[in-house]
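Labels run A, B and C following the written order; every chain starts at residue 1.
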Amino acid sequence: MENQSSQYLTRGKDYELKEQLFTLPGKYYTSEDIYKEELDKIFYKRWILVGREEQIPHAGDYFLYNIENESLIVTRDAGNKVNAHFNVCRHRGTRMCTESKGHFAGKSIQCPYHAWTYNLKGELAGAPLMNELKQFDKKNYSLHSAKVQTWEGFIFINMDENPTPFEKEFAPLIGKWTDRKFPELRIAHTIEYNLKCNWKLILQNYQECYHCPGVHPLLAELTPFRGASHDCMHGGILGGFMNITKEGGSMTMNGEAAGPALPGVAGNEKQRIYYYSIYPNMLLTPHPDFVLYHVITPKGPHNVQLMCNWLFRPEVINDPNYKESIDSAIKFWDLTNQQDWQVCEQMQLGVGSKKFGTGHYSGMEDVLSEIDKETLRSLGHSI
Amino acid sequence: MENQSSQYLTRGKDYELKEQLFTLPGKYYTSEDIYKEELDKIFYKRWILVGREEQIPHAGDYFLYNIENESLIVTRDAGNKVNAHFNVCRHRGTRMCTESKGHFAGKSIQCPYHAWTYNLKGELAGAPLMNELKQFDKKNYSLHSAKVQTWEGFIFINMDENPTPFEKEFAPLIGKWTDRKFPELRIAHTIEYNLKCNWKLILQNYQECYHCPGVHPLLAELTPFRGASHDCMHGGILGGFMNITKEGGSMTMNGEAAGPALPGVAGNEKQRIYYYSIYPNMLLTPHPDFVLYHVITPKGPHNVQLMCNWLFRPEVINDPNYKESIDSAIKFWDLTNQQDWQVCEQMQLGVGSKKFGTGHYSGMEDVLSEIDKETLRSLGHSI
Amino acid sequence: MENQSSQYLTRGKDYELKEQLFTLPGKYYTSEDIYKEELDKIFYKRWILVGREEQIPHAGDYFLYNIENESLIVTRDAGNKVNAHFNVCRHRGTRMCTESKGHFAGKSIQCPYHAWTYNLKGELAGAPLMNELKQFDKKNYSLHSAKVQTWEGFIFINMDENPTPFEKEFAPLIGKWTDRKFPELRIAHTIEYNLKCNWKLILQNYQECYHCPGVHPLLAELTPFRGASHDCMHGGILGGFMNITKEGGSMTMNGEAAGPALPGVAGNEKQRIYYYSIYPNMLLTPHPDFVLYHVITPKGPHNVQLMCNWLFRPEVINDPNYKESIDSAIKFWDLTNQQDWQVCEQMQLGVGSKKFGTGHYSGMEDVLSEIDKETLRSLGHSI
């Protein structure tokens, strides 16, 4: 399963530190106009993570994915296909579903206002009295839908009419962890965080460990802060791995593994924690024994919602012997998250100053410059 | 009193269902710019309902009508005339009155800041020390006023300098219910609702019963949802009547009348409930035995305040025997209101989606298209 | 110490009442655009009061001064110099200090994110690993700073690169009260007020006593409302004095002095209370026995924060015999403040009306027109 080690590059060893890298100007973190542009050109155009297949195991199950003015009904149809319909009745636009998740008992979606009814594929199945209008054809009034792709148990949607193929966008990661059987994993725990900072600061914070000694003393002990190697250093997918010091250890309060290693984890994989940011809204962190992932949802230029999830094998979740160690993994990352969010919020406040200009990246922050480039490329901006 | 029945038209009987009618685009419900245009070209230019004459029975009584940045002092002067003065001192602009209603004991309006004092007609009566300025003439510093018109006990104002004559605007309704002696009615109850939706969605919701079977099962039982006939189908005043199934019944929890029929209600009038929307801010619903009216006040593109009022004859209000049936009428409409507000708020959320485009009206919603036309005409827009 | 009496002019005696003076249009109190212009051209360009030297007596002491997106660390360095550094780390912009006041124990300012460390002069002293970058020179990464000037114990800053010299701006007041030894005074009490009105309405309210009879009956008794004389009637510093009726009295609940006269207060100075507004954010009110000052911080076009402070001699503060009289001075001005804030908030509501236009100043409000001129001059506007 392991990629050839030659692909992973270490700073200062495999390549020289990069000089003269500067941050984006402050307006990219504060401007309402740029934020709206980001919605249109990034969040409404790219593949974005919305959830896990396990959240809708049966036909008729659904959950809502909401981002700004858009609400999508992510549901599984009778043919086991996952669909994502805009939560907008084609009659007069009413948002039909309000509960964050549920089950369409009648295998149909009904608008509460005038009872127009759609099947799980989004086709208009019933519209009271509309048959009296000669020029109305139900076929033209299916729900609008987004493209859907599943990968490793994750559900991604794309609201663009003609998106970049998923396989092309995710090429660097496809097949990378097949042996680990991620689709079999289950969500052991979820924590929602609501922060006062721009969504891009979360990606940036995730992609550097320059802050670890000061902000995360415990994490820096488990994985030495300069021990990162990268195989993805350009484009939307960025990341690599860090070395775990303790043999067979993992990221928990005492550094011990939270459960047995996942299938296929062998050799030096046992000492690696992977960190990948998948632009624009996913952080994927495979440990030897579990997987952590974050879903990033922007809430205006100054606010962001983070959903942090812990994936474990179902037999580990169900085994009471692992309760304590799972809790330790949850506690470790909740602590680390909160340490990060605090400095991200402080950074948001500072970059709003008219004196900010741009910042100067350290040698350990070269990947952050790649995130900035992806943003500028997506927006069609040059600075 | 009854208009000739030939004036009332029933869909599918007196005229064919109208095909291919589409809603306004979503921006008409969400744009700040369009909202500001609506204030200037609609609410600050049209006759708007502000209250009832009974609220200011004596000279010096007043109440405030507030809409966005404007506050008006609606007051009765010594000559029994109702005036509406802008609540803006001519000295330096201070808002003078703050209580929502009250009585000017000294028959004058005094600014709390520098004590400039106006009589009830709005003329500047006293301005400390201003007589020392040779070029200052009190005559030029009367309060700004809006035009005022009373009709059937209702008080309307118009903030435009040269408004369309009230008689022309209200021609379809003037004289329609004279026998019923609406000016003698009194407010039995008022409920304030604050909703998260655009003000126009309230008018639209009021003008169709396509939603009644699903949203209002009780109402649909009392007045069959397809039993509407219209005499006003164009312009600012739209409406007609629906048939009450139960003989001598009305809109209450058990469908029985809440009180004796109003004067002049005879023949098939006893089985009719009228529904008129008076653009832009009044819903007038005469029942055989009482009158319901709503005052609509926009609070930004996404919010609206509704004041719902129940008018009964004073002797009915004062008769303890009617307490229970009046409460039943209040309960019925409060229930119906809340059912409506819920779907209106859901519609507001949906029309904000970039996928909304426009909706397609059913055959039962032809009148809603007329509301849209009145909006476009008022704004000088074409779509 | 006293200025020659010939400098002080009394309305109607030394000069004729000024006719035909009109207020600014309403948009100057409500427009977001004008507000942003005011920040750039006034608050970020002029000398503004941020605090007193006594707040940071020792090297390493600091307090924060926050205005809109800007936060400044006001601190005293080892050479006893007061500095004001932008609270923005030069690495990636993080706001470093969060507590409103404190002490830099290590005589250095450290960013909590990546531990970049600055000395009290703002020079970058330590930046982890940055020495590995050949092209990075710490000398270029000092904190941005504002200009600082102290005067009579007050600390002023100026965020402009090339400000008007303090001595020129403050010429009318420099040396005026040297004998009174203001630097020795200490803050006996502070009250924070948060108001719903534009910051300029506070300056205007302060500069006229036309409202005193109605709004401040007690104040008007202690200092007759027409008894003002002015020596500063143009430019950023405006003001003069009012006469205290009671011999040896002051502004307290019973009109008695709150403490012994300050040094150098003799002759008719004993019967004078001075009122100076120092554009844009200071109100300075020297009494014979104490000094009152307000710091004005705008919070958007419709909101303002006021910090009101009472300065007394330290031996008076420490003498229990004066506790009651000091409290009486505090109570008097808190009462007076609250009376003012109420009418200021009412004025804010009124000037937002489309009917406001402009107001007409009375003969007692000529100085207010000078505040307006200072605003227009600063913004480069003509009306």
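FYI, a contact is a pair of C-beta atoms (placed from the backbone, for glycine too) under 8 Å apart; a residue touches a chain by one contact, two chains touch by 3 or more.
Just so it is clear, the structure is predicted and the values come from calculations on it, not from any experiment.
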Numbering shared by both copies at the chain B-chain A contact, with half separating same from different: different
Magnitude of the superposing rotation for chain A and chain C (Cα, nearest 5°): 120
Chain centre separation (chain A, chain B; CA means) in Å: 49
For chain C, residues contacting two or more additional chains: none
Chain A residues touching chain C - in the complex, by the definition given at the top: 12, 17, 19-20, 23, 26, 30, 210-211, 213-215, 342-343, 346-347, 349-356, 359-364
Contact footprint of chain C on chain B as seen in their complex: 44, 69-71, 86-96, 98, 112-115, 127-130, 132-136, 141, 144
